[in-house]
Every structure is written in C-alpha cells, then in structure tokens.
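In the two complexes that follow, chain A is the common piece, with chain B as its partner first and chain C second.
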Partner chain A sequence: MALVTIAMGRLSQTFLLLLVMSLIGFIGVHSVGNPVFNIVNIETATAEDIRRATIALGLDQPVWRQYLLFIGNVVTGNFGTSYIYHLPAFGLVMSKLPATLELACIAMLVAAPSGIALGLLAGRRNRTFLDRTILKASVFALSVPSFWLSMMLILFGAILTGWFPSGGRGSTASMLGQEWSFLTWNGLWHLILPALALAIPNIALIARLARSGTIEVEQLDFTRFCRAKGLSPHRILFRHTLPNISVPIVTIIGLQFGGMLAFAVVVESIFAWPGVGKLLIDSIQLLDRPVVMATLTFISVAFVALNALVDLFYAVLDPRVRLSA
Partner chain B sequence: MKAEIIRVLRRPPFGQALTLSKVVLAAYVLLALAAPAIAPQNPYDPLQIYGWEASSPPGTVGSGGFIYLLGTDGLGRDIVSSILYGLRISLFVSITSATVAALIGLTAGVSAAYFGKWVDVAIMRLVDLQLSLPTILIALIAIVTLGPGIDRIILALIIAQWATYARVVRGIALSETGKSYMDAAKLMRLPTSRIIFRHLLPNSIASAVTLIPIEIGHAVALEATLSFLGLGVPMDKPSLGSTVANGFQYLLTGQYWISLFPGLALFGLIASINLVGEDVRRRLDPRSRSI
Partner chain C sequence: MTPETTHAPLLRVNNLSLRYLSASGPVTILHDVSFELGRGEILGIIGESGAGKSTLGNAIIDLLAPEFQRATGTIEFGGKAIDAADGKGSGGIRGRRISAIFQDHTASLDPLMSVGAQVEETVLATNSSLSKLQARTRTLELLARVGIPEPHKRHRNYPHQFSGGQRQRVVIAIALAGSPDIIVADEPTSALDATVQKQVLALLRNLVDETNISIVLVTHDMGVISEIADRVVVMRNGQIVEQDVTSTILDAPQNEYTRGLLAAVPRLRTSRTVSEREISKTSTTPFAERDREPPILVAKGVSKTFFAPGLQWGRLSGEAGFALQDVNIQIPRGAITGIVGESGSGKTTIGRIIAGLDTARAGWVKIGESDFDVSRNGRRTGLLGRVQMIFQDPAVSLNPRTTVGETLRESIRFGVSPVSGEEPPDMGAMMDRLGLARSLAGRHPHQLSGGQKQRVAIARALLARPQIVIADEPTSALDVSVQAEIVQLLKESVTERNISMIFISHDLALVQDLCSTIYIFRDGRVEDFGPSDFIFSHSQNPYTRSLIDARPRRFTH
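For the complex of A and B:
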C-alpha cells in the first residue's frame, strides 16, 4: 500500500512540475513575440485581419486569464477545434492512437526478444569475435539517424526489391471498435518496414544492456556455484542469469516504449503511417495549433505516466529497490 | 608511472574501428572548414546552378565544367557541394549548442549543489523531468514553441541538452562541497560567485566536460531529424539533414542518390563522433568505464 502512496505522491509532484513548465512556456511564447503572427500571414494580412484574429484567438485578454483558460481546457481535454479537420483536437488525437500503438507494440515485440538474445550471446562469449561484432554493430545501429534508416528500408525493402509496400497502413480489420492493421495479412505486410525502423535502435540498446548485465552476473559467486554444482550452461543462462539481469531490461523496455511514441513522429511521417506522430508533423506544417498542443500534451503526459509505472514495476520486481517520494 | 599512462593512452579499446573513426572525423572537420575552397559549386549561389540539370544521376558532366560525382538534387545543386556546405551548418549548430548547453548545465548543476534546499529541489526536479522525456520530444516542443530559424534550432537543442550536464555535475559538486577547501573558501568570506566559479566549478567539471563530444553527436542527429521534419534550418541554407529530406520525394521515383549520399555522410559523421566521444570519455573519466 505504501508503494501506491509513494507512486501517487511522485506522480502529483511531476504534474505540478508540468504545470510550472507550461506556465514558463506560456510566458515564454508571449515574451518572444505576439503569437498572432504565428497564425496570420504577415505579408498579406491587413491591420483589420490581425485585430480580428487577435480577438478570435482570445489574445486580447490578459496573459494570466489566457493561461487559466488554457489550463482549464487541458484538464477537461478540450484543446479546441482543429482549424483543418473541424473536429475536436483531442478526439482527433485519440482516433489516431490505435495506429501508433500497434506500430510501437509490434516493434517492441521484435526488439525485446532479439535484443535480449543477442545480448546474452555476446555476454556469454565475452571478448570473442562474435561479442565484438555485436558490440560494434550496436554502436552503428545507435548512430543511424532514424529518418535515414527508414528511408534506406524503403529504398532496399520496397523500391529496389519490391518485397514490401513503401508506405500506408494497408487493409485493416475492426476489433474493440477500432481499426487494426495487424489483423489482416496485407496490414501486417505494411507494418513490417516501419516496425523494423523503430525496432533496430532498440535491439541495439537492449543488446548492450543485456550484454553488460550478463558479464557482470556471470562473475558473481552464485553463478560459479551453479557451475560447480554441475548445472548445464543452458540452465544457468535461462534460470539464473536471465532473471538477474531482467530488472534493467524491463526498465529500458518500458522507457523505450515511450521513446517509440516520440520517434514514431519521424517513422510515421516517412512511411505515411496515419498515427499520432504523422498527425503532429502534418499539423505543425499546416499551423493547426489546437492539434499540435493536444498531441504534444498527450505524448508528454503519457510518457510521465509510463515512467511512474516503470518505477513502480521496478520496486515490485526487485525488493532491494526502495522508493522514496 | 608516466610510461604506464602513455601505454594506457596508446591502447586502442576499439582497435582499428577507433583509429579509422578518428581519421574520418578529422577528415570531416577539415572538409567542413575547407568547403568554400574545395566544393566544385556554391550551392547558395543561384548563378552557379543550372535548373535544367536537376536530378542528374552520378557521373553526369555539368555545364559548370565539372562532373557531378554524386549527381544533382531536384533543384540542380551538385550533391558533393551540398554535402560539404551542409556539413558546415550541421557542425556549427551542434558544436555551438552542445557547448552553450554545457555552460548552462554546469552552472545550474553546481548552483544546485552549492545552495541546496529549494534551489536544489527546483533545479533537479526540472532536470529529472527533462531526462525522463526523450530528447527528441523536448526539442520538438521547443522548436514548435520558438518557431523556425538557425538561431531558434540552436536554442531548442540547448533546451533539450542542458539537463544531462546538470545531473552529472551536481552529483560530483555535492561531494566536493563537503571538502575542507570549500570550508576554507567560505571562512575567508570570498564572494559566493567566486567560490562557485573559481573553486567549486573547476573541481567538479571533469566528468561533465567529457560528455561534450558525445552530446555533439546527439546534437548532430537531433538537428538532422528536426531539419528532416521541416522544423529545423531554413531550406535555402540546408544542413545535412535537410539535404536528405530534399531527396525523400525523389527516392520514391528511384532517384536514390539525392538522399543516399548525404545520408551516408551524416551517418559516418555521427558514428565517428560517437566512437571518438565514447573513447574520450573512457580515457578521461574512470567512472564511466564500468558501463
């Protein structure tokens, strides 16, 4: 029970901080320049246009009243109406969420097992050719900018070979009132390249973590004892080493899942995957402010909540960890 | 002792890959510095660009009297020249932002450790929040708030990166504040700013400074990503990232060279900075060796 209290305390502190940051950001935007010029075209707008836009956007009110209005709207999930789609901004974000979620889930389902397998392998064969190859490959995989990786996957996986489609979501099937791509063969086919683009850096990250964990654990007394007892290397690896390196790996999987929501911005806009990330970039380019605000707020809050969850899970998984508020 | 240090310094932890990456990185820096002298074309000068030669494949002989070794982009700009000039912008933006972010982060971290109490809580909670969010997300939020432009993107990268330095330096500064030289400085009634900047800071920065090369690598990747999304540097002065972005629409019609070669250059730059950066850190900061 104490755990829940601590988690709630920490979560509320974080939201307080988000509030302060939004206030700083709010004042920052107003001190940099009149935000109305982000909306109207400076070159063609007349003084009358600017005055009308200022009133329509509520920018004629004092800053503190604008901020209170903004916070009130955020709390109730009311970010206003999209300038482009003429739909409620928050509802629009929610309607794009299933596409992003399934992409991130599939990518993690690929990344976690293969990353752990490579890491265990490299750690077991520490300082061999195989280990060094995996380590070097991971440095390169973490250096590839994700947008270029996506483009090269399109070039080699779609354009030159024609194996996979170069973009789009393919056909979907409906489940729980939402449309999902992974339920149809065609949709799954469309998922492979973008999921790989999200998975490759994570495979490298998880592999490095699993490798250093394995090397550390294999030097400990209990592993030596297991070996002395005559257990097979296989059994030691899966029953003793793996559980002992699982805590940091679970943590990184949780955190990277959130990171995928952020990196989906890049991957989705390249693969024309109609998710939250593509919505964000499209809205930025179309100056659709309500949707931009709704998307960024949603991703930040989701990430903070995910972090708190990972912290909690960490404590459950490893009794040595003591949380403090 | 000295021989031992030299031996350790000469031992390459990553073997040939590291030696190679140092050479590659040095070459990148030289190429960026010498770009106006060695580039066959000035991609910012419309008079040197021939629009009818747009999207020429590699090896085409151009009207300017030189061969387009890597082809031209959709506007007729030579890819080799675009890479060389883009390199300058990418390196300028990332080095500037990583350095300023380090200055701000160091000051914030040392102040948090020295003043303690609510200053510490305020600064470190902000740092914790920032570090728990992906840097790309923070950079995105910052650039959306600030608007486009080279100065804005540098500012956005600083906002995204200062927290890392603050976290590292605060931990070390905290252990330094308890040492007797700090007590001596306080007993001598030195001004607070002098204690912080002349005594505490120099003794706490070693670990954080070794982060700078790695953070420059991150900044290159971040800037390229933002520029790729159309939120970074303006289109008339493209960085490596926006050069790759320019080629994206042509990729789908098979004109691969416009995005392939600038992307390779970018990848090589980030990989070599990362390799050299990790090596610098490993050598100068024993604490990071366990990782």
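For the complex of A and C:
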C-alpha cells in the first residue's frame, strides 16, 4: 500500500518537473533566435518564402500559444517533426538512444567495479604507498578535461599503436528493432576507446568515495567486533564493509549514468559517436526546437527513473529503510 | 563461586608493559601489569578513564592498533604465550578461545545483516566443520540461550528491530558462538538502562555458572563489579593499584585510591527515615509547600511525536508515536528538580523543549509571568537566554575552535543583560568560583580535562544570568571522582545565585542527593512525582520500585 502511495507521489513530482523543464527549455530555445533562418536558404529566400515557412512551422503564433500547442501535442504523444530532418522528433531521439545506451552501460560496467575495487584496496591500505598512489591518480583523472583525455586515448590507443579504431560505431547488429554495436566484435572494438574516455573520471570518483567509506566503516565498532569474533579480513571486507559503503556509491553511479546518457557530448563528438548528447547539441545549434524538447523530456524522465531505481536500491540494501522497528 | 586454585590459571598476564607510539614519542599505557584469571571466574578490571583498562582488554583479545608496542611481559593462555607482538600468532585463539563483548550494542552489529546471519557467520568462522544446517541449529540455540524470545522467528530480524538489551544479548550470543574459554567484556552494560543492565549481568553470571566460561569484565562502574565480579583488579594510570576478592575490595580496600573510588559512588537511601506524620502531609499534598510561592516554571500539556524511521520519500512515514504525551511539570523556585527516566522516556526531550532548543507538537511553558507556546508555530523569543543548558558531554558541547575565554565572553554578551544597579557578570570571578584557573581562558577545549570542560560549560550557563539551568546528565561522561565535584558545584551554584535547576539523570542515587522534587518519566509520560524522600522511601508506584530495585544492592541503604 505504502509503495503505491510512494509511486503516486513520485509520478506527480515527475509531471511537475517535466512541466517546469519544458517551460524553461521552450522559452530558452525561443529566445536564442528564429529557427526559420536555419531552415530556408537565406541567400535565395524571399520575404514571402520566409513568411510561408514561419506560418508552416506555426512560429507566427504568440509564444504562449505555441507552448500550449506543444503541450497539447505532447499529451497525445507527439513531439512534433524535426525542422531539419523532417522526421518525428521523438523517434529521432530514440534512434540515437542505442548508441548512447551501450556506450554509457559499458563505461559504467568498467567504472563501477574497478572504482570500487581500487577504493576498497586504498581504504584497507590506508596511508600506504598504494593508497597515496591511487589518491593522486584519482585527482589527476578527475581534473583532466575530457576532450584531452579522449584525444590522448586516440593518440595512444589508435594512432600510435593502431590497436583500436579512432572513431565511429563500426558494424552493428540488430536487436529489438535497433542497431547495436556491442553485438559484433568490430562494434565492440569501436566501443572501447570512447567507453574508456567516459569511464576514467568515474573510476576516480567512485574510488575516492569507496576509499573514504571504507576508512570510515572499518573504524566502526562492528568491524572491530567482526575481527574479534574471528572472521577473515576478506569476509569482513566483502560481507560487511562493502554493503555499508554502497549507499553513496550507488547514488553517484545513478547520477553519473544519467549524465552519460545526456551530456557525453564531448566524447561523442570526438569519437564521432552518433549519440543523444551529440544530437542535443546539434539541435540546439540549429534551433531544432522539437528535437531539443524531445531530448530534454527524455533526459528528465531518464533521471527520474534512475533516481527511483537508486531509492529502490536503498530499500533493498538497508533494512532500516525497508522495515521499521 | 571461587576460582579453582588447584589448576593452573586459564589466563596469566605477566609484567605486561605497553607503549603507544604517538606522534610526539612513545607513551607508556600499561606499566608492569600482572594478574591471573581462573576457569569459571569473573575478573573485574575497574578504573577511571585513562587507566588503561580497555587497552588491557584489547591486548588480551589481540585487537590493539599497530601503534601499540609491547615493551615487556607476556600474556599466557592455557600455559602457552599468545604472541600479540606480530598480530598473527592469535589466529586460532581470537573468536574461538577468547571472544569479546563491546560496550555499544548498536555499533557492534552490522546494521545491514540479519542477526541470525551474524551469529551464523561466527559459528561457521569458528567451527569450520559444521554444515550450513548445523550452523543454523546452533544459531537458534545460541539466541535462545541468551534469552531472545522466539529465535526461530527473530533470527531473520535486523539489529534495529531489537531493543538495546536484546541487541546486547545478540552480541553475547555471537561472543558465545565459538564456545570460547574467555570472554573479554568491555563495559558490557554501560549503554543499557538500569533495569536491563541488571538482567544482562544476571545472564553473564548465569553463563559463567553453567558453562564454566571465564569473563574479564572491564568497567568503570563499581555497581557492576559489586553485582557479579569474583575478583577485582583496580587500575590507575596504567598500573594495578590493588587486586583482591571482590568482597575484600568493597569492604576493606587497602589502597587510598580504591577507597576514594568507593566513596565517590552515589548511594541510594531507601530506609524510611521520614516520620509518619510528615509522610501523610507530603503524600496528600506533595506541592503544599510550594503553593505559597509560585513555581518558577510550569510546563502544561507538552506533547511531542516522533517519526518512524523507514521510507523517507514524501511525507508518508507518519507519526509513529509519542515522545512526550501531555506532560505537566512544575519547577519550584530556588531548588533543584530531578527528572529521572530510562532511555526513551522523554526526559531529554522535555529538557530541550523547555530550553527552547526543540519544538513540541503542542504545549505551553510558563516562566515567571510569561507564557510561551512551545509548539512549532509558537514564538519563543525571550525564552532563550532565560533558560540555559549544561549538556552531558562537554567534549562536544563546547565549540572546539573558540577559546574558553571567547566562549564565556560570548555568554555574557548574549545572556540576559543586568538591570541597572546590578553587577555585570564577571568572567574571572566566575572562573575562580568554579575552580578554573584564569590562565585557562586562552586555551581551547581539547587542551582541558573532562572535568575542566564541564566546569567551563557550567560557567557558560551561569554567566548568561539564567533563571533556570537545565543540566542534562551533566556527570555521565565524567569519571566518578570528578562527578562528585561537579555535583557539589551545581548544588552551590543554585543556593548562591538563587537560580532554579532541572537535573536530568538516569541515576537515582545522584538525584536523591541533589533534588528536592523528583519527576519519574516513562515512555513520554510522568509516571510518578513527589518530594525526593517520599519517592525513595514510600512511593507505591511499581515502576519507581523497579527502578530502585535495579540499583546494585551494595550501594543501596
């Protein structure tokens, strides 16, 4: 019963969020400039052409009416047609999704385990050479700009050694009606460098969190008690310390994953990876409002869903959340 | 039960000296400590903070931090030396032959694992030959043995679903899981309420009598020692000052320090010293005397609810219960009023509400002629300042970044300003009065001892010129010998300055000495109240009686 109430609360919050987000996005795009000039050929178009295009796109209406129209369409599931590609906007976003999704998933599948492992190791060996090395490396990995990191990866991983391709998705295979790179060897090969570029800062972030958590938890009485009762250090680390440090780690994994879905634009651009982030930036530049709005809506929903998953994980992990006394 | 002297002792500590390698050079923590522990014996190790008693306990279970270094001496278990120096020699001993119980039952258990699983993993870690099923059976046996009701159901529960006493029972079950010969119990009952403490001590005594296990009981509490220890080692500054059979230590201590420790334990008087005539007077009209002079503070209908831990999303977790339920109290002018209760009774909450540090759901507080609505939307301007607080732990109630002088001057500046013609409060005079050297004004809290810190906290409260001071367990974090001095200072402050005090405590004996009126709180309600002598000698309230009975008999007259 409680779960239904929670879900309803969440859902209403989501709608409010989407409404506010759409308003900001709509006004933002509107105030940047007139998309008509990106659509008609400015060199040849006559004033009449521009007027007709404006009417055809509905841009002659006052902005509040445009917004209401947009909301009305969205309610029926229609985000409008891209000004540039002349395709349904939401379908366009969805067509870019597999590329982004597989990139973000693989990056996180690399980052989470290695970050946690490094963090546990550093926390256990607190104040040793290993700990200091991991800490320093993490500062470096976090402060390096991602375009530089991507270019270094291309330089060393592709140009100098020739081990990996420097960009593109490679060959894809079809699954669930979408094209996926990770299903073919060639595609997987293309995934590695961009995934690493996304993963490295996250490894550092997760490792730092895991390290400080480990140090904190291993000073608590129950880990001392675990040692007193004769458990092996290995068992204490994985059965007691790890669950107890995982709440902040999972939170950050959720947030970072959402960020990768939406804002991996630098990495996607450098590796010519046709993902959602790149679509968003391109659409903003071209003032392709339907696509911008569809992308923003998708990103908001993705963040809300990820947060709900993270909260669900808290409840699974922590009996104090799940069960009252 | 007397130790079997015919056998070799189970544990023998010979001339043990330990050093702590601190940043500023090695510090001697234990100096030439020797004692023996027989089978089936409870050996109490008592001392004040810094005596080295916990370090000694950790040395026996081999849980010392690497900064500790053994200078001399050996610890022998069953005739063989435990080599604590390299930390690996005890591999087969820790958990199996020697296990431990810590003070804080909440912190001792992993909050994310069911208690059954925590017992079970210990059973498996200490008996590798057992199957999963056998381990489960043994787990249920252990939980039943320590008195957890319905173990076959409750083993699936998590630590937060148990009460404090039950959690400590689970900890004891874990300590028993490897069928050890020795349990090192470091303050095993200090975090428990008096009535629960009594039951847990009885359980430990019972285990010793039945299974012939031995217990090293590290404590600061003479009461605990008097209840269950067979022999006592008294420690001070890392040295043993005296060791003997418990009755000898209690009745005929040889050492000056031991005598001081015993004298400092507050004693409860329950003998009926008040004449019958006086009783009838006080019992029918407990507040008759005060009707002549109006009370300084009246709290009316104070209620507070608390929220259940649980799903914190949105606001649906809901109010789970009452922290305070329609509490009415009157604080007489110029006297000390005691509020006594066990943990969760609401005694601290009512103090915080009266001080304006917390809001109630509903209720009024009247100080002198002014009424204050203490509910969330009430205005408490003017309440703050008139009521000052002294908290339990001075180590955390003083700002670590300001000096003593800054703290006290702040109190003068923001306290109640003196009426014209009145002397403004003088920091130096106050420090002299409370036994603080004036040179301490430039120090930071971490440079002071516990007793000095609490004196600063008292000075801070008094310098604000309050009408009422609320002291919330002001001596619980202090050593017994310091406790007595602080209590004396509080008493004198009340009479000298004509202020009123609310003294919140769990310790009946302390309250009896200090307070003229006592309120006994239970589950957020006033369970019993009346003049101090009446409460202790004549109260018929069963809960009050059970609190009095839970006191160690040795220190009740």
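In this text, the second predicted complex is superposed on the first by the 261 of 325 C-alpha atoms of A that agree within 3 Å, B and C clash if a C-alpha of one lies under 4 Å from a C-alpha of the other, contacts with A are read in each partner's own complex, and residues count from 1 in each chain.
Everything that follows uses one rule, which is that contacts are C-beta pairs under 8 Å (C-beta built on N, C-alpha and C of every residue); 3 or more make two chains touch, one makes a residue touch a chain.
Because the structure is predicted, anything quoted here is derived from the model rather than measured.
Within the superposed three-chain model, A:Arg65 lies out of touch with both chain B and chain C [touch as defined at top].
Legend: residue contacts after superposition of the two complexes on their common chain; A:Gly258 is shown touching chain B, with no touch to chain C. In the superposition on chain A, A:Pro145 makes contact with chain B only, while chain C stays out of contact range. After overlaying the two complexes on the shared chain, residue contacts for A:Pro243 are found with chain C alone; chain B is out of touch. When the two complexes are overlaid, the chain among chain B and chain C that reaches more residues of chain A is B. In the superposition on chain A, A:Phe303 contacts chain B only, with no contact to chain C. Of the two partner chains placed by the overlay, neither chain B nor chain C lies in contact with A:Arg51.
In the superposition on chain A, A:Leu231 makes contact with chain C only, not with chain B. Residues of chain A that lie in the contact sets of both chain B and chain C are absent, per the superposition on chain A. Chain A contributes residues 2, 5-6, 9-10, 220-222, 224-232, 235, 239-240, 243-244, 311, 315, 317-325 to its touches with chain C in the complex. Residues 13-14, 17-18, 21, 25, 28-29, 32, 38, 136, 139-140, 142-148, 151-152, 154-155, 159, 166, 212, 258-259, 262-263, 265-266, 269-270, 280-281, 284-285, 292, 296, 299-300, 303-304, 307 of chain A touch chain B in their complex. Those residues of chain B lying in contact with chain A across their complex are 14, 17, 125-126, 129, 132-134, 136-137, 140-141, 144-147, 217, 221, 224-225, 228-231, 241, 244-245, 248, 251-252, 254, 256, 259-260, 263, 266-267, 270-271, 274-275, 278, 291. Within the complex formed with chain A, the residues of chain C that make contact are 61, 63, 94-96, 99-100, 102, 104, 107-114, 121-122, 125-126, 158, 160-161, 171, 174-175, 177-178, 308-314, 316, 320.
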